[in-house]
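First the structure, in the form of structure tokens, and then the observations on it.
Chain lettering (A, B and C) follows the sequence in which the chains are written, and residue indices restart at 1 in each chain.
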Amino acid sequence: MRRLAILALLALLLSVPLWVGNFYVLHVLIVTGIFTIAAMSLNLLLGYTGQLSLGHAVFFGIGAYVSALVSLGFAVHLAPDWLVTLDPQPVWLAMLCAVAIAGLCGWAIGRVSFKVRGAYFVIVTISFAEVARLVALNWDELTQGPMALNNIPPLAVSLPGLDEFDFIGKVPNYYLVLVAAILAYVVIARLVHSRAGRAMIALKENEPLASSVGIEVTRYLVLAAVVSAAIAGAAGALYAHYIQIVDPNVFMFLYTVTMVIMVVAGGKGTLAGPIVGGLIFGLLPEVLRSFAIRPEVQWVAYGVLMILIVYLLPNGIVPAVASLWNRAGRADAPAAPTTGSSPGRIVP
Amino acid sequence: MSGDGKTALSVDRLSIRFGGLTAVESMTFDVREGEVLSLIGPNGAGKTSAFNAITGYLPAASGEIVYRGVRLNGLKPSRIAVLGVVRTFQKTSVFAGRTVLDNILIGLHLQSRQSVLAIILGLPSVAREERRLVEQAREVLNFVGIESHKDKLASSLAYGELRMLEVAVALAARPTLLLLDEPVAGMNSTETMNFMAMLGRIRARGVTILLVEHDMKMVMRISDRVVCLNQGHIIADGPPADIQRHPDVIRAYLGERHARAQG
Amino acid sequence: MLGGIYALLGIGLTLIFGIMRVVNFTHGELYSFGAYMMFMFVMLLHLDFFLSLVLATALGVALGAVIEFVLLRRLRGADIDTTMLVMIGAWIAMQNVEQLIWSGVAKSITSPFPSAPLVLGGISVAWSRLFVFAVALLLIAGTYALVDRTRIGRAMRATFQDGDTARLMGVDIDTTYLATFALGSGLAAAAGALLGPVFVVTPGMGDLAALKAFAIVILGGLGSILGATIGGFLLAFIEELGAGYLSSGYRDAMGFALIILVLLMRPTGLISRKDRIG
């Protein structure tokens, strides 16, 4: 039954380009997909380890910049007489670099930031994002500063025996993002349903108890940070090669806030939460725009919605729906846990 | 009764300070392999502080803590757990938002080996290990007698079951030395009886037990030895019968309480 | 001069965090609110400059009280992440309301001070900056006195030490929280009102101010008034150094680099907990 539902959903997602002819709608779906991937990665940190990282746009931005720079090539002076140059590389390699370097940054920032918790952690993560934005803005030689990196090539793959295939246009990019999203989902799902995921959840629920049964706190927090950063980096890379332009605004706090809203609204600590939240908050701006609502009003609505969700649905939409479903189905059954760790407890 | 008599844990001249306050002053005692040793003493005597220092939650200001030849000072709690020293907490402490089974699976952390790469690749060995862990978790739940609750949320358990679950989580970590901090506090007499029966089963498996407890009836019934603390000092150390007669203990602590327990 | 403003921002934020355990993301918005009120009173309603300053600050206090009453009161006992999310929501909403009302165009406010600087022994200081500095110092001193000498200040200190005990001893937590949030907000609005006439007023001005206030509070240790005062002046000084030695583009990065460094070395801030408050 569950398998059937998942297959149906997949079929639906796969068939979208067949019945959606409007390129603008596809564009919105692609961008929504990219941000949903980023939200899924944030959920690993926020929902499963319980660490509220408000610097997640760092990893997204690093992914975008690294992928763009490796595919464009660069020449930069690390010291007045020390010039480092890189010739343009294939895009798939650039994307892999983006994932690797974002992951590495996740490791480094995690090692530093997890020394502190709570409010300190939040502020440190904001600081990293702000430093990254200012570096991107001011290191003209590498990043072109506010001029932005332009003409980023799209992903191209050449399989033996076949012509090179470029991911130009909406339909190929839609499938590219869909495949990436499914991959990200599978990686995260496997992780959270494993011993590693249980360790993360244990840290969130009760850190002293977790360490008393031998769970190494920092190790699993850093692991979550690395995986989360790598996936966010991948999302950033997808973004760079799809939009083909990257400017320092990718590090903006509002991007992080968007991801946080997606996760919190959808349901942090659930696999489906960021997807539901991502779809809602990815498509909502377009819906609002079609009613000719100004972006400021849209953001005001976001802010108010965020407050209302915290008050009314503190666990998010997915757990609320799931518990309604359960209550309707089995009146006397105990409420299902908000997040499942037994395999198969996926609420699509 | 007291196992093979070899020293398992030795605490030597342990002192613990908070700021300028001394919580424990030069505490020395041994726990032998296989025995049940109880730490007793009035509130604020430093029992929980000693527990926290042994399990790595508090730094020792001075002194040595050695378990089976390994110095525990300065090790992280998770590292100490790897060495087989596992504790429960004074305030009921479980993973409240998870199911009972999940609680035990978390406790089984050290019994699982799969690498992150294997997990992400979804190798068959991961699924095999998961099945084995669930099997082991059921055994543990069976052992403490709460298997029927395995799919309930931990937060929905009754108090007595909750405290059983706490011990079950600790047991899942395969301790060789189990430290229990006031495990029966707040239990009714049936629950306490059940708990004592389970304690008997745990020690029958060869697990050494260090107990902090206020329930004197229980302490006197199940302990092989009792160490009595007062104001950070050890004032008596011996078999329960001797402790009950020890004049200092009676003066410091037992007098009134024990009389009550007897009456 | 900036040191004084930074200190005002930092003190407000640190009071709110120390006493209420709320990370106040609306702090920057109260700062820009103060500046916009100043603009409205001076430029649109043509009120007296000094009266406007008082009014803007008073409105900041009132707005702070409203935020506390409407948003935070029902979140008593909620964990810090929950309140943080609510405050982020409030921040986004407030900033965009501001942008709707005042539009994105920068506004300037004329100040009544002579444009010729005061020259003292070869050093020239603009009158307006001198005024800002003096008022900032006055407000800082006033806050110290308030926390140290008054009944509500005593309640704040008691709540800071231990909220539960304070409640048991008869401290009215709701009033104390309300007063704390209003006071912190008032200080932020005053900072904005003071600085608005010196620079220009833009809707985004609060963001950087808030982030810097965080930096200051981290520098000084969360919950320490003295720490925030020192942290404010320190940050202003370091920014000057950074702008001078690196490049002016990195001026604003200094604070954040500093946060990261400080937390690496001393996770509790430069001033340790026992010195905090009062």
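Assume a contact is a pair of C-beta atoms (placed from the backbone, for glycine too) under 8 Å apart; a residue touches a chain by one contact, two chains touch by 3 or more.
Please read all numbers here as calculations on a predicted model, not as lab measurements.
In terms of inter-chain touching, the protein chains here are arranged end to end in an open line.
Centroid analysis (C-alpha atoms only) places B farthest from chain C.
Distances from each chain's CA mean to the overall CA mean are smallest for chain A.
Centre-to-centre spacing of chain A and chain B amounts to 42 Å, using the average Cα coordinate of each chain.
Inter-chain spacing, taken between the CA centroids of chain A and chain C, is 33 Å. In this assembly, the C-alpha centroid of chain B lies 48 Å from the C-alpha centroid of chain C. By the touch criterion given at the top, residues 17, 23, 71, 74, 80-82, 84-86, 88-97, 99-100, 207, 211, 214-215, 218, 222, 247, 249-250, 252-253, 255-257, 259-260, 263-264, 267 of chain C touch chain A in their complex.
Across the interface of their complex, chain C is touched by residues 50, 52, 112-113, 115-116, 118-120, 122-124, 126-128, 130-131, 134-135, 137-138, 253-254, 257, 260, 264, 294, 296-297, 299-300, 302-307, 310-311, 314 of chain A.
By the touch criterion stated above, chain A contacts chain B in their complex at residues 186-187, 190-191, 194-196, 198-199, 201-202, 205-206, 208-217, 223, 334-335, 337-339, 341-343. Residues 55, 57, 76-79, 81-82, 86-89, 93-99, 101-102, 105-107, 109-110, 112, 114, 116, 119-120, 122, 126, 129-130, 133, 151-153, 156, 169-170, 172-173 of chain B touch chain A in their complex.
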